[in-house]
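Per-chain residue numbering starts at 1, and chain names A, B, C, D, E and F are given in the order in which the chains are listed.
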Amino acid sequence: MEKGVVKLGGFAFPLRPDPAVLKGLASIFKRLLGEGFKLAVVAGGGELAREFIRAAREAGASEAVCDELGIMASRLNASLLSVFLRPDEVPEIPSDFTSLSRAMSSRRITVLGGLQPGQSTDTVAVLAAELMGSKLVVKATDIDGIYTADPKRDPRAEKIPKLTYEEAMRLLSGLPTRAGSYELLDLQAVRLAMRSGIRIRVVDGRDPEDIYRALKGVDIGSLVGP
Amino acid sequence: MEKGVVKLGGFAFPLRPDPAVLKGLASIFKRLLGEGFKLAVVAGGGELAREFIRAAREAGASEAVCDELGIMASRLNASLLSVFLRPDEVPEIPSDFTSLSRAMSSRRITVLGGLQPGQSTDTVAVLAAELMGSKLVVKATDIDGIYTADPKRDPRAEKIPKLTYEEAMRLLSGLPTRAGSYELLDLQAVRLAMRSGIRIRVVDGRDPEDIYRALKGVDIGSLVGP
Amino acid sequence: MEKGVVKLGGFAFPLRPDPAVLKGLASIFKRLLGEGFKLAVVAGGGELAREFIRAAREAGASEAVCDELGIMASRLNASLLSVFLRPDEVPEIPSDFTSLSRAMSSRRITVLGGLQPGQSTDTVAVLAAELMGSKLVVKATDIDGIYTADPKRDPRAEKIPKLTYEEAMRLLSGLPTRAGSYELLDLQAVRLAMRSGIRIRVVDGRDPEDIYRALKGVDIGSLVGP
Amino acid sequence: MEKGVVKLGGFAFPLRPDPAVLKGLASIFKRLLGEGFKLAVVAGGGELAREFIRAAREAGASEAVCDELGIMASRLNASLLSVFLRPDEVPEIPSDFTSLSRAMSSRRITVLGGLQPGQSTDTVAVLAAELMGSKLVVKATDIDGIYTADPKRDPRAEKIPKLTYEEAMRLLSGLPTRAGSYELLDLQAVRLAMRSGIRIRVVDGRDPEDIYRALKGVDIGSLVGP
Amino acid sequence: MEKGVVKLGGFAFPLRPDPAVLKGLASIFKRLLGEGFKLAVVAGGGELAREFIRAAREAGASEAVCDELGIMASRLNASLLSVFLRPDEVPEIPSDFTSLSRAMSSRRITVLGGLQPGQSTDTVAVLAAELMGSKLVVKATDIDGIYTADPKRDPRAEKIPKLTYEEAMRLLSGLPTRAGSYELLDLQAVRLAMRSGIRIRVVDGRDPEDIYRALKGVDIGSLVGP
Amino acid sequence: MEKGVVKLGGFAFPLRPDPAVLKGLASIFKRLLGEGFKLAVVAGGGELAREFIRAAREAGASEAVCDELGIMASRLNASLLSVFLRPDEVPEIPSDFTSLSRAMSSRRITVLGGLQPGQSTDTVAVLAAELMGSKLVVKATDIDGIYTADPKRDPRAEKIPKLTYEEAMRLLSGLPTRAGSYELLDLQAVRLAMRSGIRIRVVDGRDPEDIYRALKGVDIGSLVGP
């Protein structure tokens, strides 16, 4: 059975949910199920998480509690996506690794959000891949790959089509770990991907077909791997 | 010990949370705790609930599943408010009546959202009052009482300072029960209030002092009672 | 797939359980399963609930706590009925809406009792129908329909074969909401049925064949609908 | 702190609960709390358990499932007793040993029913005593002690005021272990009492004062001990 | 469907787990599944349990708490065995009778450890057999049957190929019930086996083929039965 | 209130638990409680984890499942330590961040093990510190600090008394992330410590007094900080 994990970034979860976007994503996932795929889809916290974390910081909450609010937001996002896949069920989003394993052993597609403070949804995606025995995580975001600099700010930024784990870690090791700020790709996710030889492909998810292609093995976006 | 239940409407939970509003509310609740009050605070789903329900409807979800998404949104709102009261704890929002009872028996203030599809957060507030032995629910909303018509649309609408349960039920019995639409006051909430002789006072929560006054017994807004 | 929800009133759950009655009901449900039906069966609290609520009132318990005891009793009733359907399993009765959804998505027949104080088992039946996508709730009781008055007391009472939601609500709006007293048909159940266009058929369950007929669409008893 | 465990037999839980009996028992327990006692009270399944087990047997349920129904009945009994002690809380009856420990570490009095098939409520009482560090279990039943034969049938039956563990085990080893039939005193309970040196005193609970006296160390009824 | 329960004694769970032993056992269980068997496998606590109980006693823990630690150790053993059966899942070991029933109704093979203080893993195996409707428990240990005396100490000890329940109970009634010391066969397990007519066959599990043979009905080791 | 988190490495949890070591540690913790401290103590998986992970690898388990077994082992270790602190309670080890928060808000000392695959117990210790509002994690291991090389193998290794977060990350970034192998100090733990300004002091826990001293602010071992 073909298997894969998809991490959906903020583009999929604007503050006012966009049914068209969610329908597009759900349709890709159903097509993959129809082709025999087994999938795990990890929803990021998106703008909702950032808004709640921002408010929590004003309340004096610690980074761990801010992380927790971000995780709650990502689970609400995951719940909504889940409704687009199974509108006749109350969404039940795995909240720990054991319930994730249970869900994945009885379902062909599992939708989840974050699991634990101190652990990004990128990391959750890699753990899901480990558990599932998948060697591929597709990180769908609003940029079509990993760049030498932020392409939205620096016109000279160039896309890097292939990075080794070591190169990726070097690129990421200077990035922050504040709650809600894991943007590009989380360092710990790369470290775990490396221990299990899991490749992470970063694609632009605003065109769901690119997620489909990446899962089918097409070489688009940027790839982090051995 | 003085006791009371507060239901917070959408004004407290805009889509982008407003820390100043939440601080103002938290400060009123802390003052009441300082004066020896025991409190339960029920967060409504607000705009977040409406947005998620709107999207879920497009996915073809049933009213019960839409209710459930609205409840999840109300719990996220409750979590954020809870952080303003106890920033050093992971918010744990009671998700059923038993966990509500457990929380209320060990805490002076309990924050919660919705509990169950088919049951508005107004109803949850009345049930919390029954459990707690309180005879007062303060419904804080963005209007300063119950009017003969919608005061935002009809300039001749007049505030009704006092309604019997029967009058309130007659006024409300034509209103809809669609998920996310319990606006004025939920009929089932009034029916349960009647069985236990609980008064419901509707006030404008945008001035938190009015919530304080209502809990202290001041005759403002509109009162539904025996 | 044909679908339906059955609410079983007190006739099915006398204080000393009657195995013959439960066998008769189980046999109807198994026949329907054999014909491809998907079912949810909601057990009322019956006499057991009334006895425990009566005692709890003497202890000074609030209506909400009395409701809770009635719900516990309904779950014990549901457990026993469940044993007649699956004698080789420990009965697990869904205690909230999420576990109900989980049970219904993995089982062809789900047996449950009450869920939440302030919410009758009639209401639970309508919510189960919403979730399941069924447009029919069969309320099996010890009278063969809805009457203009209590037929056990008033010889001039006449059966009403068809009521609109509005007519039903008018009939029911004067009835009490005390714990354990939802007898004829719960008003809130009708309100929720209306929001989703679910018909409620009231039949005499003492002849289980009437439950079967009602689920198969035969026009017996009384119907509340659009 | 003085400590003790009370096992309440069927006399306390007739099919139609008797508020006067429960008030009498609750009043004894409150008096003991007032004197500084720490208590665990184990409710037997009583007639409710026997009725449900009888019906379940007709459904073809195994002994283990019958045990489970008896346990559910005992928990309903425990819930009702709990309401007489704390009418303003939803009763939460520990359903396993871990939740029992949690309850006992935060409460001065814990009410519970059975825990596990294959384990009588007598055994549960001894385990609760072990956990609590109490050396005394008072088994309150409708006979004032252990007799050489069934005193209700055999006029020559004589009460045995003191039995060693070995004598008790010899007396009990011929008795059945069918679900719902642990009547006199469960053999396994005596075996566990022996491993921890816990004494079991059998008294007539129909006079609650005898339970009080037994907990205060008065030599009434029959004692099983070292 | 053929059914059976296996209790694995300490030989399977040395302090340093032996993958070869676990592979051998897993291979037998998979073969039986391939032949259409339904199985429950109960892991004992082994040396790990004894070591943790020994330490807990030095901490002044009660027998019930020592039992609990032994149960935790047995669950860790069960988790490891479970990984040999399903390496791609997080092991979930049923911790009470209800979760055991749920696991057994959805899985062809269920692995568990102890459930409850005061109840040996032998007893758990008999309860699992009752629930499953199996009439056979195979107790796999490091001796090939029940002997007149400890064959490791007494050269004149003779194997008893067949014992009635009564004979077994007489043999066992003198044995201790201290946490971690149920070695030969637990008396309560025999009592429960008797109530349901379940036979217990004791075999040497160090040769996994003997477990296979015993489940297939071969007359080896010692049999306790009617 | 003074606060601190202690991470206990493998020295505290040999395969055969050493009651003297656990008593020594418990005694330090009780002394600190007596002085008004609030504590969280995180048990590592130690040799037990390594043994179970080694066996699970032979079964073909993924790194994530191996992590999970290591976490289970760490919780068993935590349970035993907990018995030395509260011998009259069934140890309940928080298994996720929410239950950790609940435990820490009601207890002066909380004992836990690992929480989640992909997250070392070092990381758990830092998260606990964030949640608790403590600025200090004491990592007690079997070496008295962080060295330039492994002092057990390289005689020229020198202790580094003070490292900035950046220095520590540079030192650690080459180390592996395989399940059970986080030895020196986990990189992710340092990253999270940095985001909240938490200092990590590495001391030799074999002398429990050094743990005490480190918590009291004495400058021993090695310190990672701003």
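One rule holds for everything that comes next: a residue touches a chain if its C-beta (ideal position, glycine included) is under 8 Å from a C-beta of that chain, and two chains touch if they have at least 3 such contacts.
On a predicted model such as this, the values are computed, not experimentally measured, just so you know.
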| request: Would you mind naming the chains that touch chain A and likewise touch chain C? | output: B, E
| Looking at chain E with chain F, do both copies bring the same residues to the contact (over half shared) or different ones? | same
| request: Specify the angle of rotation obtained when superposing chain C on chain E by their C-alpha atoms, rounded to a multiple of 5 degrees. | output: 120
| request: Using mean Cα positions as chain centres, tell me which chain lies farthest from chain E. | output: B
| Computing the C-alpha centre of each chain, which chain sits at the greatest distance from chain D? | A
| In whole angstrom, what separates the CA-based centres of chain A and chain D? | 54
| field | Averaged-CA centre spacing for the pair chain C and chain B, given as whole angstrom | value | 29
| request: Mind checking the centre-to-centre distance between chain C and chain D? Centres are C-alpha means, answer in whole Å. | output: 35
| task | Let me have the rounded angstrom distance from the C-alpha centre of chain B over to the C-alpha centre of chain F, please. | result | 44
| said: Multi-chain contacts only, two chains or more: what residues does chain C have there? | reply: 62, 64-65, 68, 88-90, 97-98, 131, 133
| task | Can you identify all of the chain pairs that touch? | result | A-B, A-C, A-E, A-F, B-C, B-D, B-F, C-D, C-E, D-E, D-F, E-F
| List of chain B residues in touch with chain A within their complex | 15-19, 22-23, 26, 48, 51-52, 54-56, 58-62, 64-65, 68-69, 72-73, 76, 79-80, 83-84, 87-91
| query | In their complex, what parts of chain F are in touch with chain A? | reply | 62-65, 68, 95-98, 115-119, 123, 126-127, 130-131, 133, 169, 173, 176-178, 187-188, 191-192, 194-196
| remark: chain E partner, complex, touching residues on chain C are 86, 88-90, 92
| Mind pulling up the chain D residues that touch chain F in the complex? | 97-98, 100-102, 105, 131-133
